[in-house]
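Here come two complexes built around chain A, the first alongside chain B, the second alongside chain C.
Up next is the complex of A and B:
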């Protein structure tokens, strides 16, 4: 027998139920924290940076009904959706509300040639490739990714833009398809029976040969 | 009665523990390695060398992570170079531990008791070394958790059809079960060490890990139940883990790899290499720590018999591969094997044949099975040979389907250094184990001594009701 004797103290009896409780609940807690806490739904959705000018999409795109492509004019031809130059604003504002203090920064930019520093809202990581034209031309509406921008005063991020979210649609694209002439009509809803809607989507998929890639290299090039 | 004879007449068995008249002296002798105030100088030298190598392993891994997997010699067409060779080599070594602890336990092979503890320790340390290689081979080690199917925002899952994923499950299950088995078996012995501790820290540490063991009948009852259940659980793992490792090759559609013989052949090879490593470790350990009374020549001889058996199975598998390559009349299959034996890496093939097939044949002779120098020669050959076996298999990648890309695989210095340093990690862990934990299952070995057998006069059998053989009974 050694000189020292170790005996568990009485309170250590509590450790067993404690450990069991911990073992049973901690994994659930950890899964919850990771699945919700680290999800882009928590970290990214609702991102609404302050813009240099209080430009209202609700007014321009919603109330006045300016087509998305009037300002974001590259979406049908290019991967990138252009942010309009000051010139585009001035097309109208050279005549309308030309003295309003709200658009003072636009006039300043027009006079000095310094572009307006819009803050980017929808920002994909640099390692992922996204092409606007291939989506827009084959009937995926703006609303699928950007939400009802025509109702937003200031634009926020509506969707997660996570990889899983992209894959969701790449695995089952049909519900997001519509006639390409309707892509910028954010308020559009299919009018008819559920069965007809399914057929409508299937027909579009067939017509445009839509078979979205799930390969890594589709987006990570 | 000091002898190292291994002769067993019909119906008799040599004692499993030599030179012990009481149970108490067993405890003292086994724990000497852990209880001497100053371990022998050889231990310090060994630990010094091993831990230096282990530290270098860490530095090399840092260099690899910092620079990228290009520091290895892996290059088109041999994309799996040393990392997978080392992985399979170490996982294979780990197989003897479970075989001894689980299968030999279920078959009531009592001679396993002297060697099971450190064979299990060896298993765990070998699997640690093995797990390192695929872990750092993924390239971006910070994403190594992608190996596991964890729900994630990318909705990306591992490829469930890939044997590499099955490997992740097989090896991690194996590690977990081996660790539990090793630890569970150690609890009574840790309690012994707790009770014999001479410092407060030791008393606390051993006391903590012995989980309040008091040795009551209820404790023993539950302990033995749990041990039996774990043994039953671990038994299929002995066969499954290396089968799954062989799927890494067999499931891919490459000539020379895509064969049904791979799983049994790999399992036999793993047991073969594992036992060779147990003997490699047991011989010096019993010498240095004076464990010859427990790890007797009978134990070593038994292990050598298993080495002979499994070595012959491996030899059979090698020849069967050639036979099937000819019998199938598949030109590519035939080419691979002819090329192995006569091609640019023929030297590696013949080293493998000599070490794995020829050298164990010495064990047909009792003289060779019971001679320390000869058995050390053979097991060293097997250690080398089993490494080369995996090397030869992986290098059939050199001649792929496109002759324009054929190449000669040259390992880089990092390849060699990492292989060497993984031995450093292995031996560091092993030397620490020898110093701080009971190297032999003390409680268990007492049950195979006559003093532990209630039907034996030495174990206290009542000689009045005995059938006349109570002479010399200890009362």
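Up next is the complex of A and C:
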């Protein structure tokens, strides 16, 4: 070895191109990981918490066809679509399957007055304002944000509920408009040609003077 | 070389985890990697608040107080009762301030279909989907009916209900009757009147149709003779 002792080994020739390659690809990789991994489509969509009672929307809203508003009766008047009080369950379950072990927590709640602790599925960030009533009264269906709840055994979060997602509709609301009497009909689809559908939506927008705000203050108030 | 292979294998891990999170349902609470101010120390409607003994963030009205619009001094509006010859009787009209017109009846129909039709059926015959399911449970095996006790919801076209004044129908909707629960808490007072008016219209549609049918058959039989 002798005088060659202090010479860089041969592999060190790769350091410069290697560093350049890393420098060129890593930022792209980092952007991809953040955009893909931090997106609400990854972190929020598909959230299906375990509820204290295995209540099936597929049975009650789907098979039996009970209107969403039978239970979520504040949705047309308030910002918040209320989770029903135990009394609403007991309207029927005082008689139907009243001894079922699955319904036991409902009966307990009814007897003690202690509310059932349902787990919230759709939870917007605390700095955003959302009003259910203004949407359903103008013909934006439940299905636009909550998906086909009438087919869900257990409710999960179907949509991103992110700011970009809200703005998509606020920029172009027409595809989500329908006659307000049809908002709780989750299976409804426009029956007709694509051209007629466009006209139908445009007409509704006109009729209700729908001009959704895109100002920051619309939701961050 | 080895370093590159190990490095890129590890680099694949975060996208793989994200892809898995995208494709599967999750029972776990949502993780917001960038928290911003998503969860602030305040309470929203119907949340639990450990600071109160009953654990509710929403407070019940203080005892002895009445919320705006909830004062009950109008017997006609609130109870469906009126004074006639110094006797309290069922009201036969809707209270002052409400008017039976097409808009009111449409509202009544919509509310009826939401709150009443599940049991009483869309045409009031007592054959709604809840009745049909409950009846299936009663008729089926006892191990699946879990103590279901069921009385068929009333057919609103029975003479007894056709004869009831609108005030009495309103009171039944409000307070319930026999096994039917009251809908006072679920349906606002004006809507309960709209439903009562719609029930009256529904009954009328049935009797009118019958009378028309009768007169039509009469005409037909007279023509035949």
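In the analysis below, the second predicted complex is superposed on the first by the 209 of 221 C-alpha atoms of A that agree within 3 Å, B and C clash if a C-alpha of one lies under 4 Å from a C-alpha of the other, contacts with A are read in each partner's own complex, and residues count from 1 in each chain.
One rule holds for everything that comes next: a residue touches a chain if its C-beta (ideal position, glycine included) is under 8 Å from a C-beta of that chain, and two chains touch if they have at least 3 such contacts.
Please read these numbers as outputs of a predicted model, since none were measured by experiment.
Looking at the shared chain after the overlay, A:9 reaches neither chain B nor chain C.
In the superposed pair of complexes, A:23 makes contact with neither chain B nor chain C. Within the superposed three-chain model, A:38 lies in touch with chain B and with chain C [touch as defined at top]. Looking at the superposition, the partner that touches the larger set of chain A residues, chain B or chain C, turns out to be C. In the superposition on chain A, A:95 makes contact with chain C only, not with chain B. Note: residues 38 of chain A belong to the chain B contact set and to the chain C contact set alike, using the contact criterion stated above. The part of chain A that touches chain C in the complex is made up of residues 18, 29, 32-33, 36-38, 41-50, 63-67, 69-70, 73, 78-80, 82-83, 85, 87-88, 90-92, 94-100, 103, 115, 117, 120, 123, 125-127, 156, 181.
Residues 4, 11, 14-15, 17-18, 21-22, 24-27, 29-34, 36-40, 42, 44-48, 55-56, 110, 113-115, 118, 129-130, 133-134, 137, 145-151, 179, 181, 185-187 of chain C touch chain A in their complex.
Listed in rising order, the residues of chain A touching chain B in the complex are 1-8, 12, 31, 34-35, 38-40, 160, 162-165, 167-168. The part of chain B that touches chain A in the complex is made up of residues 150-156, 194-200, 202-204, 206-208, 212.
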